[in-house]
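Both complexes shown next keep chain A, but they swap its partner, so chain B is in the first and chain C is in the second.
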Partner chain A sequence: MATLELKDITKSFGDTDILRGVSLEIADGEFLSLVGPSGCGKSTLLRILAGLESQSAGSVHIGEACVDGRRAADRDLAMVFQSYALYPHLTVAENIAVPLTMRRLRRADRLPLMGALMPGVRRRRADIVRTVREAAEILDIAALLDRKPGQLSGGQRQRVALGRALVRDPAAFLLDEPLSNLDAKMRVHMRAEIAQLNRRLGATFVYVTHDQAEAMTMSDRIAVMMDGELLQVGTPDELYDDPADIRVARFIGSPAINLLPVETDGAGVIRLTGRATVLRAGPVPVAYLGIRPEALEPCDRDPLLSGRARLVENLGSDLFVQLDVPEMPETVTVRLPSDARGKIAAGDLMHLRVRPDRVRGFDSMGLAAPFGAEALADA
Partner chain B sequence: MPDTPRLNRPEHRQARAGSALIAPAVLLLLVILILPVAVAAILSFSDYTLGRSGIGWVGLKNYADIFTRSSYRKMITATVLYVLVTVPVSVALGLGAALLIRSVRIGASFYRTVYFLPVMASLLAMAIVWEFALHPSLGLVNRTLAQGCGTWLEGWPWFARGCAEGFPLWLSDRDYALWTLAFIGIWQSFGFNMVLYLAGLTSVPRDLYAAAEMDGVRSGWARFRLITWPMLGPTTVFVVTISTIRSFQVFDTVEALTHGGPAKSTYVMIYAIYEKGIAQNLVGMGAAITVLFLGFVMLISVAQRRFVERKVHYA
Partner chain C sequence: MTHRFSARQTLIHAILILGALIVLLPFYVMLATALKSPVEIASGTGGLFGAQAPMVSEDCLMQGGAEAACLTRPVLDNFRQAFTKAPLWRYMLNGVIVTAAIFLLQTLIAVPAAYALAKLKFWGRDAAFALVMFCLLIPVHAIALPLYLMLAHLGLTNSYAALILPWIVSAFGIFLMRQFFLTVPDDLIDAARMDGMGEFAIIWRVMLPTAIPALLAFAIFSVVAHWNDYFWPRIVITGDRSLFTPPLGLREFKGDLDGTFYGPMMATALVIVTPLVAAFLVAQRRFIDGITLTGMK
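And now, the complex of A and B:
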């Protein structure tokens, strides 16, 4: 168990900057997700933390110790790979035992035949077998210990990879997109299991994923990365309700947030498609309004928006309506509760309003731009 | 459902068309691949010679000769010794070279080309170079060795004897000739094994090495034991099989350098087939050795499939 700290990490390959000054502190026992689109540098950051790659500048701390220049084998971290990286010629039990035999047995002890004669080896081997069995029982794979990885399903291989990581009680677990090779149902199941494992072991988890739903459901905190930079680090609620950057707003949440282009006039009044709204800009002019699909609600008068339904998606629990709003470049998505089923069809005209406290403003650079005080007073 | 005559159903018609379509291929297979072997097997029971009318059946006499006459016993000894030396050494060197080339950052393609040169060059042409280099008095090898006389190297008894009585006649001393040929065989073939191993190494997932590092595998040797060697299992089986068959087939160096001598110490099977069946026109005897040769090669292939391949494929 330990805290992890990355200080101003940069990484370049030739002229290409993969990471541009990333700093991040991860608390003991925390489940932190690194999330971002493919190629944003999140896997590279994890490999630098693990010691599998070296940073161009900056430093990595595990607990109190600076581990720069310390090789991965000596950092006491465990990693689960996207490909699982199981040793295909070893059984499940042997796979899980590798981290223990490599650490608890000296080189002479590991020799075939000879090793068995070394003092204390028999006892230590028995210890290893017992530890492996305990780990397998935690993950419910005790019945598979004699099989080879080639005979297992994706989910079972995933558990073996987890077993190999947790068998030796490392300072922290690093997981690199561990669920992306599983089918959708198994993924939902395993993400709950991994989150429970984190609570049960009380260990620090760093979890890399490109799937915002995984990050939202599992994490204590999420770090959103894009183009080699950290855009925002916060709890799932903070990222969802108060994105600091328009890219975070777009990335988090499914279906995606509605981003409506607006204008702020000289008096600070925010105008949507030319009409004044009740919203007032703060010191920074607002260029976009961000509204979550569930924040919009149908109304009879004074609508913020009006448009015709282009498509109605019925998910059973919810209803998603895509609206064509005149003068809007993109359709607007509205989420309605299930009791609206059957009451709306494609082609219908809808009027929508929103509570001002559920709207977020962004400036022309895409940074969060708070509204003025009057707007809140109006609400 | 209307009752279609059994032979007119679509699947039967398709099957008939299919048989007609593969017939030429099957015929060619029989004529080109199976028939020659069968003819050789039949001739091996005869004393047939080319140009003589009629054929005399001698039963198992040719085979009995192979296993009783000393010249043929020497043939089997020479062949087996040659294979037992060349195969392990050329496989080990090929693997070693492949691992070294994988580990260098620059110059990998240079080394790859240099090691592969002997494979591309005609062995017969290279044999002339070797004959020159190994010439007892004028050759590069013995003259280089002679430079060492009078130095600390004379502390080695073999070397001291060479200085006193002359260095070995590499190709015409019965104690050295076979080993010299084996050396040339290794020199010629390990580059080929290296290329096969390089291909095998590219298929080892990089993630496994990263996982091993995370698991606390520190030394290169432990990494090799845990990942590289097991993952190269299928490649090794293939390389060993190919090397063994190629070693059984050694002919050109024998023909160019020793002609099976001295005292039949390098009288390998293919050379014997050539000498009996073609040079001396004893077709029956040549055919018998050919059948024995095919038997050896078949045995190796079957052993590979049966015992080894099952253990090295993990999927």
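And now, the complex of A and C:
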């Protein structure tokens, strides 16, 4: 168990900068998710943390110690790879045992035949077998211990890869999109298991994913990464409710947040499609309003927006309606509770309003632009 | 599956069968000759197995045996001569020692070299690989003389070392293993590093076991080449018969003045190729079974 710290990490492959000054502190026992679109440098950052890749500048600390220049084998981290990376020639039990045999037995002990004669080896081997069995039971793969990886399903391989990581008691677990190859149902199941594992072991987890739902459901904190930079690090609620950047707002939440282009006039009045609204900008002019689909509600008078329903998606628990709003470049998504089922159909005209405290503003650069205090009071 | 007659397929198979016959013909001649009496060999009679009529062994008579005691069958006489006129077992043992030592040392050198060329990043890697490719182009015969002179300077001619040392670095082995290692996912190697393995542990515990099919292919190439090699042992083993390899043993039956003893010679040849054929049949199954890399994805 240990804290992890990345200080101003940069990484370039040739001329291309992949990471541009990433700093991140991860607390002991924390579950931190690293999310971002494909190719933004998540795996690269994780590999630098693991010692599989060297950073161009910056430093990595595990616990109190600076581990720059220390080999991956000596950093005492466990990693689960995007591709599982099981040893194809070893059985499940042998796969899981590898990190233990490499660490608990000395070189001479590991020799075939000879090793069996060394003092204490038999006892330590028995210990390893027991630890492997315990790990297999936690992950529900005890029945598969004698199989080769080629004879397992994707979900089973996944759990073997997890087992190989958690037999040890490492300083931290690094998981690189471990669920990306699973089907939707298996993914939800494993998601719960990994989160549970984190709580039971009390170990530090760094979890890379490009699936924001995974990150939202499992994490203590989420770090959103784009183009080699961290945009925001915070709890799932902070990221959902108070995105610091329009790209974070867009990335977190499904269906995506509605981003409405607006203008701020000289008096600070925010105008939507040319009409003045009750909202007032703070010191910085607001260029976009971000409104979550569930923050919009139908109304009879003084709507913020009106539009015709283009598509009604019934999920059973909720109803998502896509609205065509005149002069708005994209459709607006509204979430309605399930009792609205049957009451609305494509082509209907809808009037919508929003509670001002559930609206977020962004400036023309995409950074969060807070509303002025009186803006909320007025509304 | 359809079993309709197809002229195209028939033609293809006819050509293939013809090709196979051409390849097998020398083996047939070797087998038939090993079974026949000198008269049958000289006159080209006796069919496939020879008539196996009782005959008096001339070799036996020359050794001073009585006429009655030297009455035997051609096949028995050929094989008796093969094993008694020359220490064939000794030659076979030498063959095993030399080919096994060459293959083991080649593996010991080629596998780490191939791993470095395929998976490690270091300055000059591509140039080093280009040199390996270049070495593939050098024919053995071109460097035989310098090699011989070097061994002679070191006083190593007429020794096992002379038979083994020149071959322990195999450019072909390095090339073949490198091509195979390229297909091993990088993640597997990184996983091994995370599990606490050093680079040599990765080579012997991860890369080699996953590369068994490639190693077998190389083993067949290497063992066949050096078991059958006549050229190099002929150069470096000049006197000492106890160092002869099996192909040198064939020379025993090249009678200089009194003609060549084809029967015993072909019996010897048959004995020499048998282990290779047997080994190939065993290895063939492993080729097909070969460990797949499917466990990684």
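In this section, the second predicted complex is superposed on the first by the 378 of 379 C-alpha atoms of A that agree within 3 Å, B and C clash if a C-alpha of one lies under 4 Å from a C-alpha of the other, contacts with A are read in each partner's own complex, and residues count from 1 in each chain.
To be clear about the criterion, a contact is a pair of C-beta atoms (placed from the backbone, for glycine too) under 8 Å apart; a residue touches a chain by one contact, two chains touch by 3 or more.
On a predicted model such as this, the values are computed, not experimentally measured, just so you know.
In this overlay on chain A, chain B clashes with chain C.
Contacts of A:Pro99 after superposition: both chain B and chain C are touched. With both structures placed on the common chain, the touch criterion links A:Arg164 to chain B and to chain C.
In the superposed model, A:Met328 lies in contact with neither chain B nor chain C. After overlaying the two complexes on the shared chain, residue contacts for A:Met79 are found with chain B and with chain C alike. Of the two partner chains placed by superposition, A:Leu367 touches none, neither chain B nor chain C. The contact surfaces that chain B and chain C form on chain A in the two complexes overlap at residues 47, 50-52, 71-73, 77-79, 81-83, 85-89, 98-99, 102-103, 148-150, 164. For chain C in complex with chain A, the touching residues are 185, 187-188, 190-198, 201, 206, 209-210, 212, 291-297. Those residues of chain B that touch chain A in the shared complex are 205, 207-208, 210-219, 222, 226-227, 230-231, 233, 314-315.
Interface residues of chain A, counted against chain B in their complex, comprise 47, 50-52, 71-73, 77-79, 81-83, 85-89, 98-99, 102-103, 107, 110, 148-150, 164. Of all residues in chain A, those touching chain C in their complex are 47, 50-52, 71-73, 77-79, 81-90, 98-99, 102-103, 148-150, 152, 157, 164, 181.
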